[in-house]
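The following pair of complexes shares a single chain, chain A, combined with chain B in the former and chain C in the latter.
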Partner chain A sequence: MNSPIVGKAVPQVTALEKIQGRAIYTGDLKQPGMLHAKVLRGPYPHARIVRIDTSQAVALPGVKAVVTGADTPTRLWGVAHKQQRILATGKVRFAGEEVAAVAAISEDIARDALDLIEIEYEELPALLDPARALEAEAPQVHDGHDNRVKEIRIARGDVEAGFAAADLVHEATYELHSQYPGYMEPMATLASVDGNGRLTVWTSTQSVFLARARLAEALDRPVSSIRVIQAMVGGGFGGKIVEERSSLIAAFLATRVNRPVRLVNNRLEDFQSGCFSVPCRLWLKMGMTKDGTITAKDVRILANSGAYAGLAPEVMLVTAMRSDNMHRLENVRSAADLVYTNTMPRGAFRGFGGTQMAFALNSHLSVMADKLGLDPFEVHRRNAIRAGETSVHGWQFGSTGLRECLDQVQAGIGWEAKRRRPKDTGVRQRGLGMAAAMHVSGNRTLGNWDGSTVVLRVNEDGRAFIASGESDMGQGANTMMAQICADELGIPLSHVTVLPPDTDTSPFALGSLASRVTINGGKAVLQAAQQAKTQILDAASGLLGCPADDLEIDQGVVRSRTKSNATAALPQVCRYHVFRHGGEGILVRATYDPPTKMMDADHYGNIAPGYSFAAQAVEVEVDTETGQVTLLNSCLADDCGKAINPMAVHGQTNGAAVQAIGWALYEHLQFEDGRLANGNFADYTMPTADSVPHLQASIVESNEPNGPLGAKGASETAILPGAPAIANAIEDAIGVRITELPITPEKILAGLRAKREGGHA
Partner chain B sequence: MSKHVINVTVNGEAHAVEVPAKRLLADFLRDDLLLTGTKRGCETGTCGACSVLIDGEVVKSCLNLAVQADGRSVTTVEGLGQGTNLHPLQTSFMEQGGLQCGYCTPGFLMAAHDLLSRNPSPSEEEIREGLSGNLCRCTGYQGIVDSVKNAAEKMHGR
Partner chain C sequence: MVERYLAPTTLDEALKALAAGDATIVAGGTDVMPQSQAGRFKLGRTLVNIRRVAGLQGGAKEGDEIRLGALTTISQLREDAFIAKTLPVLAEAADHFASVQIRNMGTLGGNIGNASPAGDTLVPLLVLDAVVELRSAKGMRRLRLDEFFTGPGKTKRTPDELITNIFVPAPKPGFVARFAKFGTRPALDISAVSVGIAGIVKDGKISNVRVAYGAVAPTPVRGRAAEAALEGKTLDAATLAAAAKAAQGEVKPISDRRATAWYRREMIHNLVKKVLADVAHG
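Up next, the complex of A and B:
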C-alpha cells in the first residue's frame, strides 16, 4: 500500500485545539442551572458511622441537595466483587472514603456545607499492614469475610528439578510500592437528567461503555437510560477505567436535584479518590546454569488491594505470571495472595502489575549474571522467546522484537565501552544498568472477547467520519485511527474526523486499557476502511464504466490504472453512490475480534493477539556523600510492531520512562495512621523537566501478523524496565543492591554504610 | 466579602469588572471571562497548568488574586495565537510532540514564552531549568524540550 500518512510523525489530530487552549475538558463544561458538587470523606481508616446530621448543611442558603449513604441505591457495584455503594454506609473502610456529598449553587457554598455536616464515628481497629491481614486476630475489613481477596496458585513443569539442575540459585525479597497515576487533569464529571428522565454524563474516562455499565449498576437503573459522553481527557494511565468513583457521586446527585451537577476534584480530592497501583512484597527464587539458561522460577507474592477489590485481583495475576512468557521457561511456580487492608483501594495503573515483577525479575537477572560472570544482555538473549513459539503459559508469539530491543539499547547507551572503563572512585560514581520486559496488546480475559467495532461513514464530499467507542485519553488513539483510515481511503488526514465516544451513537467498545486500542481498534478501522473503499470503487466503476479492480484512490481522486482519462473526484463518486442507492451514503461497519483464547482455570491460554516488548539501558551517577541518584542517560527501545505514528510512539516511550523514574526515585505515598499525608504535588514529587536527562527512544518494528499493518500496543510496555534498570545501574555504580522502592538517598546511604561495615553489599 | 472594581487588560481587551477580593486570577479568567484554556491542576502552584503572563512575565494564576492584576495586562493561551495566526511555540508543540493529553500544554506554552523572552536561544539544560515549574505526565518532557528548541530556532531564523 502506498503509505503517505501511516508511519509518519504527523501531529495529533487533537493538537490544534489543544495548543490554542480550545480543547474542552469536562471541567470546562457549563450548563444553565448547573450546580457544583463537593464530597465529604471519612477521616478514619476504619470506623463505624454512628450518626449523621445534615440539617445545618441543608439549611445553608444555596444548598440544593445533601446526600449520605442511606440515600444511595442499595445495589452494590464493583468489578467482579460487588461490594460498594455510591457513598459509604455503616462504616468507612479507608481514610478518605466518601460518606456524604453536597450540590450547591457554587463550589464555595458546597464546600461550606460540608463543614456543617455532623458525623459521629466510632473508631474501629484498623488493618494497615498487609502482612498482618491473614492473621486470625486481624481486624476484618469486610464483616463476615476473611481478608483474603484472591489466591492464585500456578505451577508448571518441575520447579524442584529445575533448581537441582541449576549452577546458581538466587533468592531475594522485593518491596514494590504504590504509585499515583498523576494525570494532569483531576477527575471531573458533569451529569444531567433531562425532562424525560434520561441521565447524560460527560466525564473524563478511558471507557464510556464501562462507565455506563458502572453507572447503571451503582444507580440501579437500566443501561439505556444513561448516556455517557467522553469529553477531552487529560490523561488516565489506568486510573479512569472501572474503579473510579467520583463520576457515580456526580450522577447520583443529578438524579436527586434534576439540575446539571458538576463535580471537579481538586488535586487533594483526586489523591483521596484516585486509583493507585497495587503494592506488593515479592519473594523470588530463580535457578540458572553457567551459560545463563534459566532453569526454574519460583515466586511468592503478598499484594495489598486496599479496602475494595476492584481490578487488583487481575493486576496481581499479571504480576504472578506475565513476565514468564518473555523467556523460554519450563519450570515456573507462583503463589500469590491479595488481601484487603483499611487503606485506599488499589488497582489498574499503566503496566497493570507488570512493573512489580519486572523490577524483581530484572534485579534478579542482573545479580545472577554478575555472579556467573555473564552480561545481563546475553542472559536475556539466551532465554528470549522467539516468534512462532508458545510460552510456558500457552501464549503464542506472532512477533517478538525483544532481541532487537536489546541490541538497540545496548548500542545506544554505549554499553561495551562504558562497561570497560575503570570504576569511579570519587564522591560521584557512575554505573550502568539494563532491564527488559513484555506486555500484552489486548487481553481476552476482560470478558472472553476483546473485539472492537468501528462504524465508518464517507460523506458526499468524500470526507470520512469514524465512530468508535475506543478512547483517546491523550495517547493519540484518534490520530492512529485517522491515519489508518486516511491511507486506506487515499484521502488527506484532515478529511478524517474521529467522533468523541458517546454511548448513544458509538458502537460498543471496551475502551483504552490493556494496550488494546491500536491492535484491535486499529484493525477494525482498517477493515472498515477497506469495505468503504470497496463501495467507493464499485460506485466509481458504474460512474466511469471501468471494472472496479482497475480503479484506485489517490489523493482524493478515483482513477483508472489503465485509462488515463478515467478519473473522478471522490465527492463526485460519493454523491453518485447516494443517488444510486436510494439516498444511502457510504456507511460501513466492521468488527475485529482477535483470534485469541480465554485462559483456562489454570491460567493457561493465548489471551492476546500480540505481545509487545521493551528494553532499557541507563547510566546513573550516585553521590556517595548525599545519596542522591542522578540519571545521566536513558535508552529505551519499544517493539510496537509497526509505528503508525513514530512521534506518538516516542511520546509514549518517553512518558513511560519518566513515570518509571518517578516510581523508582521520587514518588512516595506517605501515610500517617492510615491517612495519606502527602496528597499534593509539592510533597508527592513527580519528576520535572530538569530532573530527567535527554531521553533516547527507539522503535523496533517486528511486524505483528494480527495487527493493523503490523502494529501492536505501544503504551504500557515502556514503563516496565525503567525502575530495575536504575536499581541495576546503582549496584554497578556503588555495589549496593536496593530491593525496596523507592530508592531514596537514605536507602543509598544506609546501603553504603552497611557495605563499609563489612555487611552484605 | 468585599468587592473591588479592577481594570485589567486580558489578551488585548480591556475589562472593568467588579470581583470579590478573594477571587483567584485563575477562576476570574476561567469562570468570569470564560477563558478555559487556562487549566487548574493542583491549586497549590506546583503543576503550572494555570500559568499565564502578567505584563509579559509568567505567573501561576492559582497563586494570584484577580485584584493583583488590576491595572496590568494578562495574556492567556488564547491570546498567544489563534486560527491561522499561531505563535511559533504553538506550531512547534504540534509538530515536535510537545503535547499528548494537552492539559498541561497551555501552561507550558506560557512558561516557554516567558523563557524565550528572557533567553532567546536557550540550551537544552536551560530549557529544562526554565520549565521546571510545570508538570507534564504524558511526554516525559522530551517532546516539550524539543518543541521549545525548535520554536527558538524558528523565531531567530537559525
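Up next, the complex of A and C:
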C-alpha cells in the first residue's frame, strides 16, 4: 500500500482548535459551585514551623476551607523516596514550599485569605551550596538523614590503562545550571468529588496514570476511587510528569469541601512550584590517541536535587552514563553524587540529564580535537557507534543515524569553507562550533515494563476512535497516532479521533516521558490497526464473496485486487460486521512491550527499543566590546528513525534549538538568600525572536527495526547539542573557553580580559 | 485597598482627585499594575486613571522648546513623524523599549514618574536637557530632569502633583544625540547599562556636550567627567579613549542580578566609545 499520510507534513490534529482559541485547557474549565484555590508558601529556605493560626482566614466571608500540613494525610508520597506530604509539616525545606492552602468563592478572596494566615517560623541554618552538603557540620535538609540522596558508581574496562594509552589527556570542570521548563501553560488542576465520593481530576499532565498513582498515594485512598482526565496541555518539557505538587493540593482541597476546586498557577507561582532541571558540577577527564580515538572517560558529578528527591536520581544516572553509549568506548568510569539542599526540588526536564553531560562531553571533544589538530566532526565519526553494535553499557543499536546527522550539519553550515576563512579581527568576531548527542526512545524502568496499549474502535460509519493513555502535551502524539492509524486503515486523517487520556476509560499507560510514545505507543496503534483491518477485510469477504487476502482498503473503500466491480464502502462493511457479530462493532486491543532489558544493579542492560541521535553546528558572532553573542546560523539534524510527521518533527527540533539557546545564553535562575529572585519572564529571560537565527532543521531517517514504520522518538534529542555547539563556536571566535553556564556577556568580557592579561579564561 | 476609581477627562478634575490625597496615578499601568500585584507597591485608596485627560498627548514646537505631553505613549514616540524628525534619539530609545504591548500602553510621563535607574527614555531625556512640568491644584512648577530623581523609584514630585509635560530645548543646527542600551538578551530586556551622548558637532569638534548613564547609580545620572573630557574637543580616537576612560572612572555602579559592578564599568567604557563613534558619524 502506498503511504499517503505517514511521512506527510500535515498540521497537528489539535491545531485547528488551538489556533481558534477554542482548545479547552484546565484553566478554562468551570463547574457549578466551583471554588478557587490559592497556596501560601514559606518565605525561608529552611525554617521550623512553630505555630500556624488560620482563624482569621477561616472567618473571612467567602472562604470555604483553609488547610495546613496538619490536615493532610500522613502517608508520604514520592517517586522512589517517600518523603513529602501534600503541605509542609514541621518545617519548610525551601523558600516557596507550600505551607497552607485556601479554597474560596473567588480567586481574590482566596488571595486575601492568605494574608490573614499567621505563621510563626524559626529560621534554621540553610544549606544552599551543594558543595557543602556532604560536610559533617552541614545543616540536615531531612532531619536524621545525611544530605546524600544517591550515589552512583559505574566502572567498565580499565580507565587507567586507557589514559596510559592516550596521546592526550584532558580534564576540566563544568558548571551546568538549572532551567525552568517555561511552558506556555502554567500548572492547572480542577478537582471534584461526586456524590459517591469518587474524585475526578482534570489536570495538565504528561501522564494520567502516574498522576492517579501519585494522587492515590498522597491522598491515601484507593487508585480506583480517583479518575484523572487530561485536559489540553500547553507544554510540559518534563515538568508535568510526576513531581509537580499543585494538583495534589487542588485534589486535597476538593476532598475537604466536597465542591469542585480549581487551582491555576500564575507565572510566579509556577516558578515557585515548578520542576527545574538538575544542576550539577561535572568533572571530566578523557584520553585520546592522535587519530582521535577515545581511550578512556572518567566522570565525577555533584548534582543538586533541591529539597526532595523526585526523579533527580534517575536524571543524574542519565548524566553519569548515557553519553558513553554513543561512542565505541571500552574504558569508562562514573562517580556521581546527588545531594539535598534547601532550594527548590529539581528533576525531569527535556533531555533528562542528557544536556548536562552533552555540554561537558562536546566541550571536551572540541578542545581535544583542537589540541590534536583534528576536526571535531572527524572525532565524532571515528568513535561513533554503529547499527548492530552493543555499547559499553549493553545498549544494542538497531539503527544509528549519528554519522548522517554529522554529515548533514557539516554541509549545511558550510563548515569546510567557513573554517578556512581568516579569523575576524574587528569588534565582531565569528566562530563555528558543533556538537552531537544521543537519547533514548523509551526506557524500561517502571515495573520492568515499557509497553503501550491501545484500544481501537471502528464505528459503523467506518471512522476510528483511538483510546490510549499516552498523552499529547503539544508535541504531537495524537497526530502521530492518528496518522499511523489512518494509513493502516486506508481512511482519511479526519476520520480518526484520538480520545483524551482518561484513567476510567483509557488503557493503562506510562505517558509522555523518555521519548517513548512514538516508538511504543505508535507501534501499539500500528498493531491495533492491523488487527482492525483484518476484521474489516474478513467482514468484507463475507459481504463481497471474495477471499479476504484478495481485498484491500483504499480511500475508505474495500475493493478486490482482482475483481474490479467488487467494492464496498467502509460504512457498509462496518455496519455489516455489527449485524453479523451479534451487535459487536469492530473493537480491538493491542499491546506492544518492546524487547528491551532493564538495567541490572550494575547499570547494564538495553533499556530502549531504539536510540536517537542529533548533531548541530552553529555559527556565532561575538561582540568583543559588549560580550554579546549572536547566533548567525544553526543547523540541527535529528535522527528520529522515520518522521511520521515532518512538520511536527521540525517543530520539535526548532523548539529544542531555541530552548538550548536559552539555557546556554539567557536563562539564569537567580537567588537572594535562598529565595528565587527572578520568577517572571521580564527577569528570567527566555529567548525571544530577536535571539533566534534562521534555524535549519533536517531529518535523518535511520529506519529503526523496532519502531513503527521505522520511527523513534523526536522530542528530546535535539535539545542536547545546542549549548555545547554555541560554547565551541565562541571559543572558535574569540579563543575564550566558557565552562560555566549560562554564557553571559559578562563572562565573555571577563574571559577576553583574562586572555589579554595573559591568563587563561 | 482601592476604594474608588476615577477616570477624569480634564486636568482640573485629575488634580482635584490628587489633592484629596491617598491616590495612585495610573496612565498605562505597565509599572503600577505588576508592581502592586507583586506586592512591591501599595495602591492608594483612590485609583486615578489619567489616560483620558485631554491635552497631554504628543509633541509640538512651542517657541524655543519642544513640548512632549506626559501621556504620549512609547509607541507614539517611536512612530510620530514630528518626533522622529526633531528628536530621533527618543524614537531610537522607544524602539528598544520593552515589548510592543508595553510600548502601546506605557507613557513618557509614567516612565519618568516610575524613576527606574534603568528607565529607557530617561537617559535620552537627560542628554536632551529636559525639564519636567508638574501641576497640582495649587499651581505649576518646572524642575530640571537632572535634579528631579532622588533615588530608585523616588522623585521630587509631591503626591498631589501630576507630571503634565516635558520640555526640551529645540535642537540647534549641528545637534546630534545618540543612545545605546545593553541587556543580556537582544530584545525585551531591562538595561544592564545604557549611555546617551548629545552635543553640537561642527567641523569635527563637539560642544555643548551632555552625557548620561542609566543603571549605574540609584538614578539615571549625568556624566560630568566625560562631558569635560569631550567639551570643545575634536572627535578623534584619542578623545574617544579619554572620554571612555573618564566615564569608566566616574561611575560607581553596584553589583546586582543584572550585572556586576566590574562589568558595568567595563560596559560604560565600551558603550561611551561606541555611542561617540555614532555621534562622530552624525
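The definition used in the following text is that the second predicted complex is superposed on the first by the 759 of 761 C-alpha atoms of A that agree within 3 Å, B and C clash if a C-alpha of one lies under 4 Å from a C-alpha of the other, contacts with A are read in each partner's own complex, and residues count from 1 in each chain.
Heads up, the rule we're going with is that contacts are C-beta pairs under 8 Å (C-beta built on N, C-alpha and C of every residue); 3 or more make two chains touch, one makes a residue touch a chain.
Values in this document were obtained by computation on a predicted structure and should not be read as measured data.
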Contacts of A:19 with chain B and chain C, given as first, second, both or neither: first
Which superposed partner A:690 touches (first chain B, second chain C, both, neither): both
Partner chain(s) touched by A:744 [first = chain B, second = chain C, both, neither]: second
Partner chain(s) touched by A:615 [first = chain B, second = chain C, both, neither]: neither
Partner chain in contact with A:234 - chain B first, chain C second, else both or neither: first
Comparing the two partners chain B and chain C, which touches a greater set of residues in chain A: B
Touched partner set for A:682, first chain B, second chain C, both or neither: both
Contacts of A:109 with chain B and chain C, given as first, second, both or neither: neither
Chain B versus chain C as contact partner of A:666, first or second or both or neither: second
Chain B versus chain C as contact partner of A:658, first or second or both or neither: first
Set of chain A residues, in rising order, touched by both chain B and chain C: 680, 682, 688-691
Touching residues on chain A, where the partner in the complex is chain B: 9, 11-12, 14-25, 27-28, 181-186, 232-235, 237, 264, 266-267, 473-476, 647-648, 650-651, 653-659, 680-682, 686, 688-692, 694-695, 697
Contact footprint of chain A on chain B as seen in their complex: 30, 35-44, 46-47, 49, 76-78, 80-83, 86, 90-91, 93-97, 99-106, 109, 124-125, 127-129, 131-145
Sites on chain C touched by chain A in the complex: 38, 182-190, 257, 259-260, 262-263, 266-267, 270-271, 273-274
Complex contact set, residues of chain A against chain C: 268, 625-628, 630, 665-666, 670, 672, 677-678, 680, 682-683, 685, 687-691, 744-746, 749-750, 753
